[in-house]
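Going in written order, the chains are labelled A, B, C, D and E, and every chain counts its residues from 1.
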Amino acid sequence: QETIKVGVLHSLSGTMAISETTLKDTVLFMVQEQNAKGGVLGKKLEAVVVDPASNWPLFAEKARELLAKDKVAVVFGCWTSVSRKSVLPVFKELNGLLFYPVQYEGEESERNVFYTGAAPNQQAIPAVDYLMENEGVERWVLAGTDYVYPRTTNKILEAYLKSKGVKEEDIMINYTPFGHSDWQTIVADIKKFGSAGKKTAVVSTINGDANVPFYKELGNQGIKATDIPVVAFSVGEEELAGIDTKPLVGHLAAWNYFQSVDTPENKAFIEKWRAYTKNDKRVTNDPMEATVIGFNMWVKAVEKAGTTDPDAVIDALIGVAVPNLSGGFSAMMPNHHITKPVLIGEIKDDGQFDIVEQTPGLIVAQEWSPYLEGSKDLIADWRSPMSCGNFNVKTGKCGGAGQ
Amino acid sequence: MPAAGTGPEGGSTEALTEALLYLDGVTVTFDGFRALNALSFTVDPGEMRAVIGPNGAGKTTMMDVITGKTRPDKGDVFFNSGTTDLTKLDETEIATLGIGRKFQKPTVFESHTVLDNLRLALKGQRAALANIFRKETAFERERIDEIFETIKLTEHRGRLGGNLSHGQKQWLEIGMLLAQDPKLLLVDEPVAGMTDAETAQTAELLREINANGHSVVVVEHDMTFVRDLGVRVMCLHEGSVLAEGTLDQVSANERVIEVYLGR
Amino acid sequence: MLEVHDINLFYGAAQALRGVSLKAEAGKVTCVLGRNGVGKTSLMRAIVGQAPVAKGSIRFEGQDITTMAPSERARRGIAFVPQGREIFPLLTVAENLQTGFAPLKRADRSIPDDVFSLFPVLDSMMRRRGGDLSGGQQQQLAIGRALTMRPKVLVLDEPTEGIQPSIIKDIGNAIRYLRSKGDMAIVLVEQYFDFAKELADHFIVMERGAVVMSGDGAALEDPDVRNRIAV
Amino acid sequence: MATLFHAGRASAQDISEPLAQLTQDNYGATESALGALALSGNPAATGIVSALAGGKLVYSTSLPRHLFIQGDKGLLDPVSLEPVADPGPVKPVRVNNRVRRAIEAANGAMSLTSPDAAKRLDAAAAVLRSRDEAALPALETALAKEAEPRVKSAMTLARSAIIIGKEGVPPEMRIKAIELVGAEGNQDALAVLRSVPNDAIPEVKEAAAKEIAGIERNLAMWGVAQNVWYGLSLGSVLLLAAIGLAITFGVMGVINMAHGEMVMLGAYTTFVVQEAIRTYNPALFDVSLIIAIPLAFLFTGLIGVIIERTVIRFLYGRPLETLLATWGISLILQQAIRTIFGPTNREVGAPSWMSGNFEIGQLAITSGRLWIIVFAMLVFVALLAVLRLTRIGLEMRAVTQNRRMAASMGIRTNWVDAMTFGLGSGIAGMAGVALSQIDNVSPNLGQGYIIDSFLVVVFGGVGNLWGTLVGAMSLGIANKLLEPYAGAVLGKIALLVIVILFIQKRPRGLFALKGRSIEA
Amino acid sequence: MNTTDTRPPALLGTSGLIFVGILVAAAILVPVLNLLTSPDTALHVPTYVVSLLGKYLCYALLALSVDLIWGYVGILSLGQGAFFALGGYAMGMYLMRQIGTRGVYGDPVLPDFMVFLNWKELPWFWYGFDMFPFAAVMVVLAPGALALVFGWFAFRSRVTGVYLSIITQAMTFALLLAFFRNDMGFGGNNGLTDFKDILGFNIQADGTRAALFALSALALILGYVLCRFLVRSHFGKVLIAIRDAETRVRFTGYRAENYKLVAFVASAMLAGVAGALYVPQVGIINPSEFSPANSIEIIVWVAVGGRGTLVGAALGAVLVNYAKTYFTSGILAPYWLFMLGGLFVAVTLFLPKGIIGTFYEWRDRRNPPPDEAGEPIAEPRPAE
């Protein structure tokens, strides 16, 4: 029987396996669920799993293999921005379809890619707003791993904070290498920066493995959330599962979904997920939800288009809305990003988040940040006739800020 | 009792001496242990000199100093009538000046054939880039064949150096030394592990080399061999010269008998 | 005590030993003579187990040890002074000697006085690293190390190589002394003919990997032997 | 016991309004309710505040809302603590950072007169941290009654801290307070001194500026010591990571790319031990690491022996091929752990004696790091003793220097090889126990240390254990002295460049083995 | 008496001829079968296979460059990836500049990553990369210069063995960290990507891909012939001698450090060329190419194929990478590290000299080479 192939392009080995393996499982889970519902267009779905092994050139190779050899109808994949950048040309060349489920730095909108994770304005900015309003934070440490997502996010945040009247000397920016494990000096510096008499918070874009030693050091040096709260954009339930969270209670994270979201949809989802993984402690997290949303959107769009033909599906996807797990509907916007609620959670001692704030409505992604010089005039709209990822509203032309 | 009575006191570099090799007051210590102790002697152009001395007397260390492997703590080492200060040069420069050496433990290029071992040693171009395009000349080929005759390894020429027996390696190394055609040959225990007949041949060979105008310093414990050489003998002990003269003179020396020859 | 019977040995495709046999008895010195590259060292390595034999057998005290591991042979009493000395370069002289304790019972673990009376220089250099010694000193150390094992068979591969004459005499005396004790068999490879002649109770002469002559010590006077080795 | 707050307001005892606020489940309301409770002097206030802190304060969701304390056997009335009839579904009053801070302040204010001196001390510290002006009257009352000198000085400090930032304090009083706080000389004092209001008179500002400058000078000095301490701590981590490699690579000459995985296995052993303890006997948790250390040693040592017997032993004399094989082994081990334990981090907790921190002068020392330094030193000394003083140590060195000859000396080289590799691996495993305290316990753990480990061993001088020690410590300290100036990334780059240049000067490392056998 | 071989020995041995033959055939056939056959026929080589093969060939050239210094000089460089990456970056910078206004921000000069990090002008070290000849020169010059400086210091100071290995690793690690930094101006972690065209040809067009493949094959052939020529020359014999007994070489009057330096620089340049050909075929160059693990992997390829055999190095690179491609897809994907790790262990245990090395040994045992020094034997011998 003919099937529709679904590519899964997540690292199962190497440094990123830690985060990405769960997303592979999620796609497999969704495929099984969908097949149980009878598949799509009357055909069963078949997942094709490859392991790009946290190796960026291998991502490109595997993407090509999925599209050219396996002829998959859609690919769910990538975590880091560089992996996405690496496969982008392949998807454009072979006219494939990629769903990217991770929060990222924005500044991109491609015809072949659908971004179901958060853009900076769907995560970073609301988090900073929360700290300013609710905790009276006046002094900011922007700590990140030295790569594009933290750099860009911090650029945006810096501009945003300044626009809110925060002074230069009240912002400290610190970058560390990937996998940084000795945080003694930096945590001490944060402590020092925080003792200037103004309420201080840390905005962390620290990535992956480096978080555990960072939080352990925070705990060891006795920095409590009541003194200097840390709000992180890359720390979710999965990451916390590896840390003793007792000393971290009260530190924050901003996401579009938490496992602790109290809705019937979420409850049902967690239950099925745990049944599927045969692990009643298995956690869920934000990129998983983004994967689920992306998957459901794709199914819906395929059914709407009546075909898996990429061009048709790409057109059909815009405007598709599916329920998210926090009780609303997320919709695919013309910029290929989705609308999301923003949730702020405080870490609890059981490794879950206590949701302390939720935006009243859904936020529309600003794929081009208004706070960056190069992109403030750009918008993306993939509907015809504009059909452009970088339309300049000033010049009225597609193709960036070009003269 | 250094041979060169006119040793200069440090530093001056004009022609100090007629000697080809000139050592004065050379001292070498290893972690406080004096391996060479104010050693002084000279080797004249065209001279062959045998060096004997107890195990640990410093004979090999002396060669290390001359060839630049070990830097002396104190003292002068000059070459070519005092024009060249060897302590300021490295092994390669010293080798290029024309000082060749055979090691106590035979060292050949183990994964090269015997033939290539000789080719590499053969006097000639040493610059890296020039050697990329180097072609072997007929003259060189002949010279190698000659050496093979001398060291009797012709039938082993295609074998890897590493697969030779101990004695064969000794011969090969002597051959390599010949190929280098140095002004001064430093030969450390060439006949160790050779049969008596081979020992005699080696003595003959060294004499021949010497006759062709090369200076030779040879270290050996085999008295028969030293006698066969028939040259001036110098006995080292505790890092300095204990006795010097003909073999008969030296071996009559009470101290030499006591520390070296035994009764 | 030790009996080598008709062994063959190969290095890759090259044959180094062809049907070699040899006997060593307690209180006797067996000399192996021959020119360079005839296979003397190969024979010794076969005896101590460092090179596997392709054919034939080696028996020690009536037991077949042909395929026994070198360490087991050593533990049974075969000690080896190899050509090239093979001192442990980074161990001190004392530690080098102590490596010979392995076959001994804890109570017996001491360095025999003989070692220091034979080679006084070792006593003064106990703390120096073996690798720093001069060639001759290393040779002495290698013999001392073997004696520390209190062996029943002592295998010496060209022990006079690089040794000063007085110590060669000492080594000769030492071998004689060990022989006189009557409980040790000694296998000696030697190129230094006069030295061998003085010590040998038995001898074999090898050529191209095979035994071409053998006899007891007196037969070494035969000029034929000298010729075999000389040419 | 009634902890009374002698504010002397008429309506002091009436807390119905704050109680109603608490049922609104709004952080702002909760915070202001807490303030009111603290000031109310109502005997029930302490109980309510601590119930809130413990997540035991609940409210009924059906209107009108009522507040209860969740007791062991059911709901209690918050004031009378009498059991109440079932009010239907309840929800806990939620707490966020802001509320937590308010709780701390309230607790502080309320326990300033506790009969327990330790509690009073904590309370004074809490007030010092919050610098809540509202607490001033209570503080002064408490201060008047205080007899314990330590508590008294803490309270005086807290009082001064409040005074410094408070509006409308007479300048002399403020200056005195500034001097008092300034004498503390620490980071917290700086924070307090910087809170002098902008509109204070110049004399006051000057006094503060003087104290600040003094403290900063003082702190800068301590800062160097602090960095050295960080360096030692990083150095001990490097030492632990490298020391097993100093055996397998330094002594045996095996280019052991699987070394990091041995460290990882040690860390997972710790995880398994803690899991077992959590399941079977949680009381043992504090000694979990003590149990894990020998187990990790034995387990990874055993794995090491197996690897040696099945692979490495065929590769002696071919050191470069060990690189290929151990690389393969490291891939297999990583994936094996990933398959068994999953790809994500595993939680390894810190026993209480390894948590927390203390100060010596202005030197902040975290207990965990201190123990790691101690542990690294112990391991180092033990290993040195084994290699130098024991028979097996001698045999190990002999075998690795000349395997063939060692065999001919009667040394059972197979056994010694297996033991040596096992020892090196076992030590790596023990290092894993320590590293589980500061780093991820994930399949990638080992990869993060392998480069540094080789760097340390080589920098120190291969084959020299002291070199490994000094190498680790000097790299650690250099790194931490560079980091404040260059930042973490550039600092690390600078360090690598320094090592490269250093090796030019000493081509065989810091503690180079010298001598003929090496140079030949 | 003619005991010395007078014939100049053939530049390529039998295996070399086979190797070059296969490459020539591939360089012609693969593009032809890709471009001129219809996709439905059995003979058709799909484009993605072409790029894949092209990538393997670049790796093979890289492996060759490692074998030159490891197999023949005994320099175990754990930083070879750095030279590869530098070559790659040089090419990447050219490709980046070719994008012109087609970047997302449409800036005619600045690459996208500079625009969104608010760079105002092109850093000086980007000048010239809009010209292909300049970039092409930099492809060999940048890695060559680094190797020259690094090697000049290290070889003069007589840093050898593991010490050299570890400082090469430190070098590539330092470069990794440096290139990760966005402030460096090389695109940080994301590196350089989204290339449009090369020398005016669309980089994604089948024809361009086929041409790049053929070029890679050609580069590999030339690289092989060059290495082969080098190691068989007198120069090469000195290299092997240095590998076995460096001190002895010095005493023989050769400046060992110069020989090493020439070989090291040549090897770095080869690696740079490999990197430059790799980037347009893979479509991205980013700092992970500098990661020490990558460099170790290169060593592993060489060891698998057979150190000191040149052909083996290339073969090892292709085989290991094919295994990687193969194992990372399909049902084996979750277990591929077991396969690859197991492969490495198995090779060391059962093919101790690597695939080609073991083959040579087997051939020589069956058919011992004449007792004559015709065929130079760079037989890989353990360094000790």
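Basically, contacts are C-beta pairs under 8 Å (C-beta built on N, C-alpha and C of every residue); 3 or more make two chains touch, one makes a residue touch a chain.
According to UniProt, the chain labels map to these proteins: B = Urea ABC transporter ATP-binding protein UrtD; C = Urea ABC transporter ATP-binding subunit UrtE; D = Urea ABC transporter permease subunit UrtB; E = Urea ABC transporter permease subunit UrtC.
Nothing here was measured: the structure is a model prediction, and the numbers come from that model.
Chemist: Per the definition at the top, count C-beta pairs in contact and tell me whether C-D or B-E has more.
Modeler: Of C-D and B-E, more C-beta pairs in contact link B-E.
Chemist: Using CA atoms only, can you tell me which chain is the most central one in this structure?
Modeler: Of the chains present, the most centrally placed is E.
Chemist: Indicate the whole-number Å distance between the mean C-alpha point of chain B and the mean C-alpha point of chain C.
Modeler: So the centre of chain B lies 30 Å away from the centre of chain C.
Chemist: Go ahead and note the Å separation of the Cα centroids belonging to chain C and chain E.
Modeler: Here chain C and chain E have centroids separated by 51 Å.
Chemist: Let me have the rounded angstrom distance from the C-alpha centre of chain A over to the C-alpha centre of chain B, please.
Modeler: Inter-chain centre distance comes to 74 Å.
Chemist: Mind pulling the residue numbers of chain D that touch at least two other chains?
Modeler: 334-335, 447, 489, 492, 515, 519-520
Chemist: For chain B, which residues are shared contacts with two or more other chains?
Modeler: Expected reply: 30, 69, 105.
Chemist: Can you list the residues of chain A that touch 2 or more other chains?
Modeler: 12-13, 146, 175, 177, in rising order.
Chemist: Okay, in this complex, where on chain E does chain B touch?
Modeler: 1, 3-4, 6, 8, 229-230, 233-235, 237-238, 240-241, 243-245, 247-256, 258-259, 261-262, 369-373, 376-379, 381
Chemist: Where on chain C is chain B touching in the complex?
Modeler: Contacts found on chain C: 11, 14, 35-37, 41, 83-84, 121, 128, 132-137, 139-140, 158, 161-170, 191-193, 226, 229-231.
Chemist: Note which residues of chain E are touching chain D in the complex, please.
Modeler: Going through chain E, the ones touching chain D are 76, 150, 153-154, 157-160, 162-163, 166-167, 169-171, 173-174, 177-178, 180-181, 247, 292-293, 296, 299-300, 303-304, 307, 334-335, 337-338, 340-345, 347-349, 352, 382-384.
Chemist: Going by the contact rule set out above, which residues of chain D touch chain A in the complex?
Modeler: It comes out as residues 27, 94, 96-98, 100-101, 104, 129, 187-188, 190-192, 194-195, 226-227, 230, 233-234, 237, 334-335, 338, 342-350, 355-357, 364, 366-369, 437-444, 447-448, 479-480, 483-484, 487-489, 492.
Chemist: Once bound in the complex, which stretches of chain C touch chain D?
Modeler: Residue positions touching the partner: 48-50, 69-71, 73-75, 79-80, 82, 86, 88-91, 95, 98-103, 129-132, 145, 149.
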